[in-house]
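Read through the structure below, which is laid out as structure tokens, and then see the notes.
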Amino acid sequence: MLEVRELHAWYDESHALHGVGLDVGKGEVVTLVGRNGAGKSTTLKSIVGIIRKKRGSIRLHDEPIERQPSHRIARMGVAFVPEERGIYAGLSVMENLTLPPVVGASAWPLERIFALFPRLRERARSPGTTLSGGEQQMLAIARALRTGPSLLLLDEPTEGLAPSIVKAIRDLILEIKRDGITVLLVSQNVRFAAKVSDRHYLMVNGRIVESLANAQVIDREHELLEYLGV
Amino acid sequence: MLLTATRLVKEFAGFRAVDGVDLRVPAGATLAIIGPNGAGKTTLFNLLSGFVKPSAGSIAFNGNDITELDAASVARLGLVRSFQITSVFPHVSVRDNVKIALLAKHPQARSFWDSASAADFLDEPADALLDKLRLSAHADRLAAELPYGRKRALELAVTLALDPLLLLLDEPTSGLGTEDVDPIIELVAEAAQGRTVVLVEHNMNVVERLAQHVVVLQYGKVICEGSYASVHDDARVVEAYLGGIDA
Amino acid sequence: MIARAAALDRRIALALALGALALGLLLPHVLYVGLATDIVIWALFAAAFDLLLGYTGLLSFGHAMFFGGASYVAGLLILRAHWSFFPAVAAAVLAATAIAALVGAIAIRRQGIYFAMITLAFGQMLYFLANQFGDWTGGQDGLQNVQRPTLIAGIRLDNDTLLYYIALAAAVLGVASVLRVVNSPFGRVLSAIRENEPRATSLGYRTSAYKLVAFVLSGALAGLAGALFVIAHRFTSLDTLDWHTSGEVVIMTVLGGIGTVFGPLFGAPFYLIINDRLSTLTTSPGLVLGIIFIIVVSVFRRGMIGELVYALRRRRHVEHVAPGA
Amino acid sequence: MGAGYLALQIFNGLVSGAYFALLSLGLAIIFGMMRIVNFAHGAMYMLGAFGAYLAAKYLGLPFWWALVLAPVAVGLLGALFERTLIRRLMPLDPLYNLLLTFGLALVIEDFMKLFFGTQGTPYAMPAGLSGVIDLGITVYPIYRLAVIAISTLVCLAVWFAIEKTPLGAKIRAATENPQLTEAFGIDVSRLTTFVFAFGVGLAGLAGVLAAPTTNVTPVMGSDIIITTFAVVVIGGMGSIKGSIFTGFIVGIIAALGAVLYPPIANTLIFLLMAAVLIVRPTGLFGAPEGQR
Amino acid sequence: MKRAVVAIGAFVLCTSMTAAMPAPAGAENPVIIAVVNDQSKVYADLSGQGTVAAVHMAVEDYGGAVLGRSIKVLSVDHQNDPALGANKAHELYEQDHVDAIFDVPTSSVALAVAGVAGADHKILFVTTGGTDALNMGQCNKYTFHYGYDTYALAQNTGKLITEQGGKRWYMITANYAFGQSMLANFSNAVKSAGGEVIHNDMVPFPNTDFSSYLINAQAMNPQVIGLMNAGDDTVNAMKQINEFGIKKRMEVGIGLLFESDIAALGPDYWSGSTITVGSYWNLDDKTRAWAARYKKRTGKMPTWVMMGNYSAVTQYLDAVARAKTDDADAVVKQLEGYKFEDVFARHAYIRAQDHLLIHDMYVAKIKPASQVKEPYDFLQIVKTVPGEDSYRPLSAVTCHL
């Protein structure tokens, strides 16, 4: 359902992506792994249209979207959970949650979200950034799910979070997968990625250098860790 | 101790980016601060260099209390930082970038009634520094026109021009391709001779090769410190980086 | 950051300097001398303004306070104390310097749009104060009948052509000062601050002190222009302090090209000649000049001289110059 | 001068405060979203007053209609400027848009002079509000009470709309992080146009309110904008609440100053500004630099 | 490069096109007169293009020639900017060989241009500018003050209202030279007629909000509110006086008012107020005939200063004819002390001692809209005051020409 070909992208004047190509099939969970600065986040931001200075083709449901403004792409069913989580300090938890318009039939109703994350109901009227890091991540994912996306872009959902929360996020992604939502995940946490993903792309210096099956990732964990510079 | 930070706290609108950090940097040491994104490394850097005032705690440098000092004064005491995103002075030539840094120590910087040639005496030291950082070939180009790797070298050159007692380097290799990393490591290692260096770094290889001492930050707190080897194998560090889903 | 042409090539700078000087020597022969004198005075004013906007990146919308303030000081000294040319001009420049130091100390703590608004408001404050102290300033009537002072013992400046060349000489000196400041080590530091202030701070530069000095220098030179104004016109009025005057110098500088020193020297005649001619052709000079200004800001952001310099540079190394700006 | 008399003058200050509040609120909304200061705000105020005049003259519409229609018309014109001119300069330093709107202000003012001359155009007091009521100390025009009421009401409504409604949430979100908000499926560019139009519409509304009490001329906007800038500097471009509050407070202080020592009336606001800046460079409600 | 070419090209084109405007000169050696006034700012409607039309009318009525030489009319917009006004005046006199300049509203510009006229030894008629500095402290040999001054306004308006029972005056004065001189003259006139000024507010100029002063005025309960200001300030003050319902309870003494100001608000706002004018289009058959011709020509009704300018130009041309030269000194001699009568000036002469036109002035009441029968039919003349009684007596003249 997502097809990226020969994607080049620029941050200001620096050339960040050098011909990225990848495919994500319907219902798949696919991870981009790679070191900081390899271009993983840039790839997501290019897909969702935040980065405008780019060349190449991006097709969603067989429609070209590389020239579309980002709000159109979102309305075509792409939901984005950015690395910094994108919780607005000026909006309450409830406002944060209900900000993006519902675009798909599979939208999670608020009751389902609150059933899963009771804290969000409790804190509904407080400013979004007064939540803890883990709660903010939950809010960010819940916000995306409420729109009913067909493709969910998750950027480093586990970064800086306590193990128990990472587990909860793992469970959540698996639940999303059961719902049939396609997920493109960025993560440096290869163990986490191996738990939730079907396939992996390894990115280096703005290129995809390797496509890995799940089993390969687990086998080559130490090699990958070295590679990621950890 | 050349630099001592005590119970350093920085709060942004209810969020503690740096939460009670103690830091001791002996003269001549090279120390690395590592930690996952959002751990508070850059905020700590801004605190140490005077760009941000701490909410609580104190910083002493070379016998001076610099907690309340403005950034320029901190730099004048010999604590000089670099920046993560390099641009230095983009529309100024490479040589002039270095000269502007060298000029900071001379009264001519303030004399607006000197002719353009009044700073010529700095050409020689500037060229020497450029030579040392292998930038001589680019001396007359605008900084903005340099390739990325050379920009990082220029950033280092500008910082070194002040001959600082303590060098704060913010991710000196970030965004560099593997082929560019090694020369920068060499340059930093060379610069660290007879100097104190604190660097923030993501790349563990770089940390391993440069730092004698590593401090690991998470959630704005120091979770672990010690030699590279001891830190690398510390379960808490692995967990901080990997999320420790198996735990 | 406000776009400006990068440092001028020596050859281009020389050509522009000669061009401006030629224009200056030619002016009184093609225009009536009053307008020519005004052009020289405003060119100096605009060049002084560009020292601040072009080289420090600070947009002041209150530069009339130096221009007008100095014109009143010089005017009063000549009118009431019969001072001669040099002492009166010197005192006026000093007064402008003092105003700039005072206002600058407060305004310089903010930048960008805030700085523009604060200077605008301070300028207007001086306008109202001058309006208020009518006993001294003549209020709405302005200072009238300011006789031309003596230049040196025995020589009165009554001859308009003589006065023109005196003004031209002063303007040349003023612009030369701007050039010297811009190219001095201090000027280099200023550009550095403009390009990347945090980096300059991290090198130990107290950037606000540098900006303040630039502000004061710019104010002092604007004061020189103001002093010449009252002498040339034999009067001064609140219009010299009005915010429209600040706006006019902004327009001239932008039309000529920000950060070029020479741009304003061409922007000023362009503006003044058009305004002068329009005042006999239409009743809406502001409409025409406003539209020209909007086009320049929208399309030719570098201004006339800026675009020229940019094009010449670009021809030399096409591949390196960053797009946009 | 009794306490009652002073109270009445304070009350009177609320009237000029009502205009300042509407104008600085409009500036603040635009600034919040777009980071630009609209120099043409005074011209929009003037156009609002002329809108009321034209509506009365050519369409025979009474004041109450003008109160709604003129700001809408001004807003639409603002939207046109935003789409065609201001937008192009948005990626650049905000100073460019300051310059652009400065040019716009000149052009609009002169354009209006071409058609309406400079002497002013008559605009009568709305019939239902033309009387005075006795406030004990002396009589006071009903219309001025209406100005205070309308301005306060509008300011509160705008505050409520921005702080408490879904549309307001979108605006706040776009203010905080436009790119991300766009990626959440919200058409930020259309929202920006709307916000700009709405901000200048508030200036237009202030203009309509001013039409019955001041001479309606093309130059009426160019002086009030400078004073409004001073108000904004005093308040600091911090918050919606701050701009409303500062607007009213400055109105009161200026009115009191004018009575106690008339010659200072014009200068007072600027002196106040200087004093505030010395103590708080960011203004009364301004966030410290760097965070904003 | 293309952009630079466009930019520079535009510059050269614009400046050269505008700079190359033909300088009026030529073999035929015409007599040249110029109107220097505000054509784009606040006083544009009061005088502006309307005066230019009136001046053309005067020249045509004179036959388009004097001394066998054609008469040429130039006009310049001084934008209320003294610098521009003085510059242009100097250019007109020296480069365009203009013999006389007319009109020049706004005190600051009028004084600046008067300075130029004095220095260049060329003739200037100030008609719309009212400050009495022109015929007092800053008078000069080549400047004529033609139409009215603040003293005459006070002598008529101030005296009449006080004599009719308006004894207690509350003054609202624009704090600048014009307002101050009007205040001084009105205060004297009020006192000499047995009244008193109980309070004065020195209001910054310009000002749009008068409500604080009006509240104050009501608290002090005067019989007359005196507006010692002009133009926009007077219009704003009057609008707010109506708003506060003050006009119903006390008289409003207006220092200076023109037909264009009345039109700005509509007559009802002003009705019942007393003002002084130097002439009026609806005075008699002569003025009505003139106004009809003016209206036919321009489509608008004239203000009385436009009539004043018509008269000034006519008298100037006549003086040139009498002097048989356009040499300024000779023409000044012809003008000084000359007695005449025309559509504008009745029982008129130019006083040699201060170059002030002494002529009949008219005190008028403003009619309510219900009595206005045709456009600009605003005034009911209640008294005609001879020039000798209107203007400052010879004994009080301080001018040294």
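By written order: A, B, C, D and E. Residues from 1 in each chain.
The definition used in the following text is that contacts are C-beta pairs under 8 Å (C-beta built on N, C-alpha and C of every residue); 3 or more make two chains touch, one makes a residue touch a chain.
Owing to the predicted nature of the structure, the values given are computational and were not obtained by experimental measurement.
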Most widely separated chain from chain B, with each centre as the mean of CA atoms: E
Of all other chains, the one whose Cα centre sits farthest from chain A: E
Distance between the centres, which are taken as Cα means, of chain E and chain B, whole angstrom: 72
Mean-CA-position distance for chain D and chain C (Å): 31
Approximate Å spacing (C-alpha centroids) for the pair chain A, chain E: 76
Euclidean distance of C-alpha centroids - chain D vs chain E, Å: 36
Shared interface positions of chain B, touching two or more other chains: 144
Contacts with two or more other chains, residues of chain C listed in rising order: 128, 131-132, 283-286, 322
Junction residues of chain A - those touching two or more other chains: 13, 89
Chain D - residues contacting chain C, complex: 35-37, 85, 88-89, 91-96, 98-100, 102-104, 106-107, 109-111, 113-114, 226-227, 229-230, 232-233, 237, 263-264, 266-267, 270-271, 273-274, 277-278, 281-282, 289
Chain C residues touching chain B - in the complex, by the definition given at the top: 6-7, 180-181, 183-189, 191-192, 195-196, 198-207, 210, 213, 217, 320, 322
In the complex with chain A, residue positions of chain D that touch it: 166, 169-170, 172-173, 175-177, 179-189
Residues on chain C engaged by chain E in the complex (per definition of touch): 30-32, 34-35, 38, 128, 131-132, 134, 138-142, 144-145, 229, 233-235, 237-240, 266, 269-270, 273-281, 283-286, 292, 299-300, 303-304, 307-308, 310-312, 314-315
Residue ranges of chain D in contact with chain E within the complex: 5, 8-9, 12, 15-16, 110, 113, 117-122, 124-125, 130-132, 137-141, 143-144, 212-215, 217, 219-220, 223-224, 255, 258-259, 262-263, 265-267
